[in-house]
């Protein structure tokens, strides 16, 4: 505690995080854009946009729609492919003095492994995106099938020593998929990804999004994230990276009490580019007033 | 059309609804309370609180918690049991000049049928609540198991001639359960019920709700309702009673375009007791401006 | 049944800040004139919040009424921030029963925002000639003016602060006065406070009433969110209460 | 990289309502003084809405700037409702390239709120001595004052209304003037409008630029929501645009 006056430090996966707040995949690209707003070293870490073996163009426009306290997106994993990021972005990001988590995506377990194999030395952690509702027609081939999810994790574990987080969907299979991932060698769990939603335009009488449906994120899903993280904590002993609707230090604290060791801020950044660093500052103050450190808060709702 | 200057009339299940807007189960009890605010005949119909064969006390307090644009409830199907309502409430409600839908609940298929058997002459429609997340520890024994759901529908169809709506959960099994209910004799589908969520209090560091978890309703879930109804409409030809987050005529129109023949207003009534009649009024005006009748809007997003 | 449920506009007249998170707000509410009884509540619609917030008025005189607002979260803070107009559903719930005019002294014990309905009640009791012994308590000195309010209504008022910074150090339930001289008692505040008063009154055979602040969604009996346990079985605080005979509450 | 991204307060000075859903809002924005170029945009934070709303200013002079706001939904209505202060992220995006000082006349064609960036551009073009032919169109007469605005900036301005209630009946793309005398063209409005101008300019060999109003979440290149198709492949309107050479857009 003396070495950590903020009460925010976290030691996990053999890594030290200056604070438990990261930026969520897909809302922060590879960090360059918001590095124009604040130094990235203020963050616990940056989780990159989903990265696939080869470039992906993503889905048809429009790709976003607002909903009450939420956002639908159907980006569809547009990215330049892992090789481009190994050149331009990751070396730069690794120099910013924050933890780097690369979000990995593939259409098959082999594709996941293809990306994972290339990232040693370029990332601190890998987050395996098993749960994107914007590809495969929303069918979640991995996050709704424990065996398929386990295969992704196992194939990646074969080719890298980096700790692997399995990113899960808030669906009925949550706990079974988590267990399968744990057995297959995942070092941690990441939750939650977005939920499949839709908006329809009254003028055109057509779905607003080019693909019809998209993933729901933002404050609207906070109570679902709290519940999923609470359930994961009950049934698994793996560390949890929690996310879903966090915009204030109280939201972050709620995910922590539910069981999240680390949290990520996603959609909130679009409303306020400074959301994550502001939250970190307020978290330090808020916890100070409660006389608690972050690690004391983690899982508190499970203790008697 | 000449007989219906409002453009809001709906003919379904051999019944005429003056307009397509009902009040959602559990948010309007048996109608007496809000009958103090406006005449119930302005509504398309009233869906009663869930009714079980015998009285149920419901869950431990606190039973509600607010969330961003949403509400968690864990009422747990408190009700006085079907016999009490047959005495006091339903005869009164049937005289109010609106359609009466009784929401039916049981712990087993036999219990559902026990309630259904008593309601002939006391209701226009039955809505079978297969999807309450506040009982059975949130496990949804019916809404996550097509065979169990079908058994409930079949057992009820055996004992009543009233049209039966199967009320579904927005979970991964949505379409399979819908299909099973259709085959078992359901006359329509009702969607969506709430999603399991949680809040944790920062002062006590305990879940806010007495039961820990509760069902999420309100505007936050609107895009999930639109998506579920759209998917149901794609895969089934049964009429759909849509609900989830509706508070304005535009929201109702959105559910209609997705495929809802009727809609219900739930949580919005707590914010504004006049939400449903106001919406009906604005719907008539709004559709008038668009030059459309309600039935022309239903399913519009599916047409080219 | 006639339509009796109405939404009333409350128009802000003035705001007296007691501390950062406590304020006494005075509103003009002509459509509610004469309609409220002590212990009843209004369900306030605060823009940006899905649920209304129940508040038991602290006074009503003609077209004006007062709310004593203790902020527990952002919505009440918004209210205190000076929003000019809010809509109020009500009057809701059952009021405090009054003793017959000229009855012996009534004991009123409040903690925190529980002073609101008891201030309103004190005014009514004084108006029918019932002497009032008011005891109000808080953690610190920030609510001393509420005890002064009781005094200005003609009550014999005592203030208690846990930190001793104003009034008597301690709690309003410490060394309750001799109850044999008291005709009835009312307590509103944290559950332990109400429970203690209830127990003391039961022992002394003095009738007592409390008000239960349960989380409420509808406020009118339609959602069943406000279940409370009583000797008569499960009840709903918004319609069967919020005022209950203290002896009937299952503590 | 230095921290260049900033949120700037815009303080409302005046609001000129053109119709129920259209207004010209003038703000004081000292921290943005001199920072904006025509075609760039600000991403406005409107309380109660998760997403910011992108708006391309219609003018900037010293510490003041103007927004031309056409309401499509509740957030823009809220903005027009006269909110005193809004936060604006920016300047964002790439501006319109300017022709060399003293170049031949520029053609500006706008529809609806597309007039905003073109009014700003017109002022700059006039300041460097470039003659401007401005054509603005709307469904009805409600935007006639925007054509007057172009005229007051020293443009040769023509107004088109589809219903003929003001100016010339028709659309601003009807019978475009002889393009051989034009040095460059700019079009902002509905896609068909921009497409028609683009095609005409391409045929005549006149360089043209348009601005793409894509739904945007971040406005800074981080979310990839604003993908647009160009001859160079997929681009992102917020950082690679919103201004694009008309010839490069895949229509």
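Lettered A, B, C and D in written order, each chain numbered from 1.
As a convention for this text, a residue touches a chain if its C-beta (ideal position, glycine included) is under 8 Å from a C-beta of that chain, and two chains touch if they have at least 3 such contacts.
Quick caveat, the model's predicted, so the values are computed rather than measured.
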Target chain D, source chain B, minimum contact steps: 2
Shared chain contacts [chain A and chain B, defined touch]: none
Greatest separation from chain D - chain, by CA centre: C
Distance from the mean Cα position of chain C to that of chain A, given in whole angstrom: 46
Chain centre separation in whole Å, for chain D relative to chain A (CA means): 36
Length of the line joining the C-alpha centres of chain C and chain D, rounded to whole Å: 57
Multi-partner residues of chain B (each touching 2 or more other chains): 65, 69-70, 218-219
Residues of chain D touching at least two other chains: none
Parts of chain A lying in touch with chain B, wherever the complex brings them together: 65, 67-70, 72, 144, 171-173, 195-200, 202, 205-207, 212-213, 216, 218-224, 226-227, 230, 245, 250, 253-254, 257-258, 290, 297, 300-301
Partner chain C, residues of chain B touching it in the complex: 26-29, 32-39, 49, 57-58, 61-66, 69-71, 73, 75, 78, 218-219, 267, 269-274
Of all residues in chain C, those that touch chain B in their complex: 1-7, 45, 49-52, 89, 214-218, 220-228, 234, 239
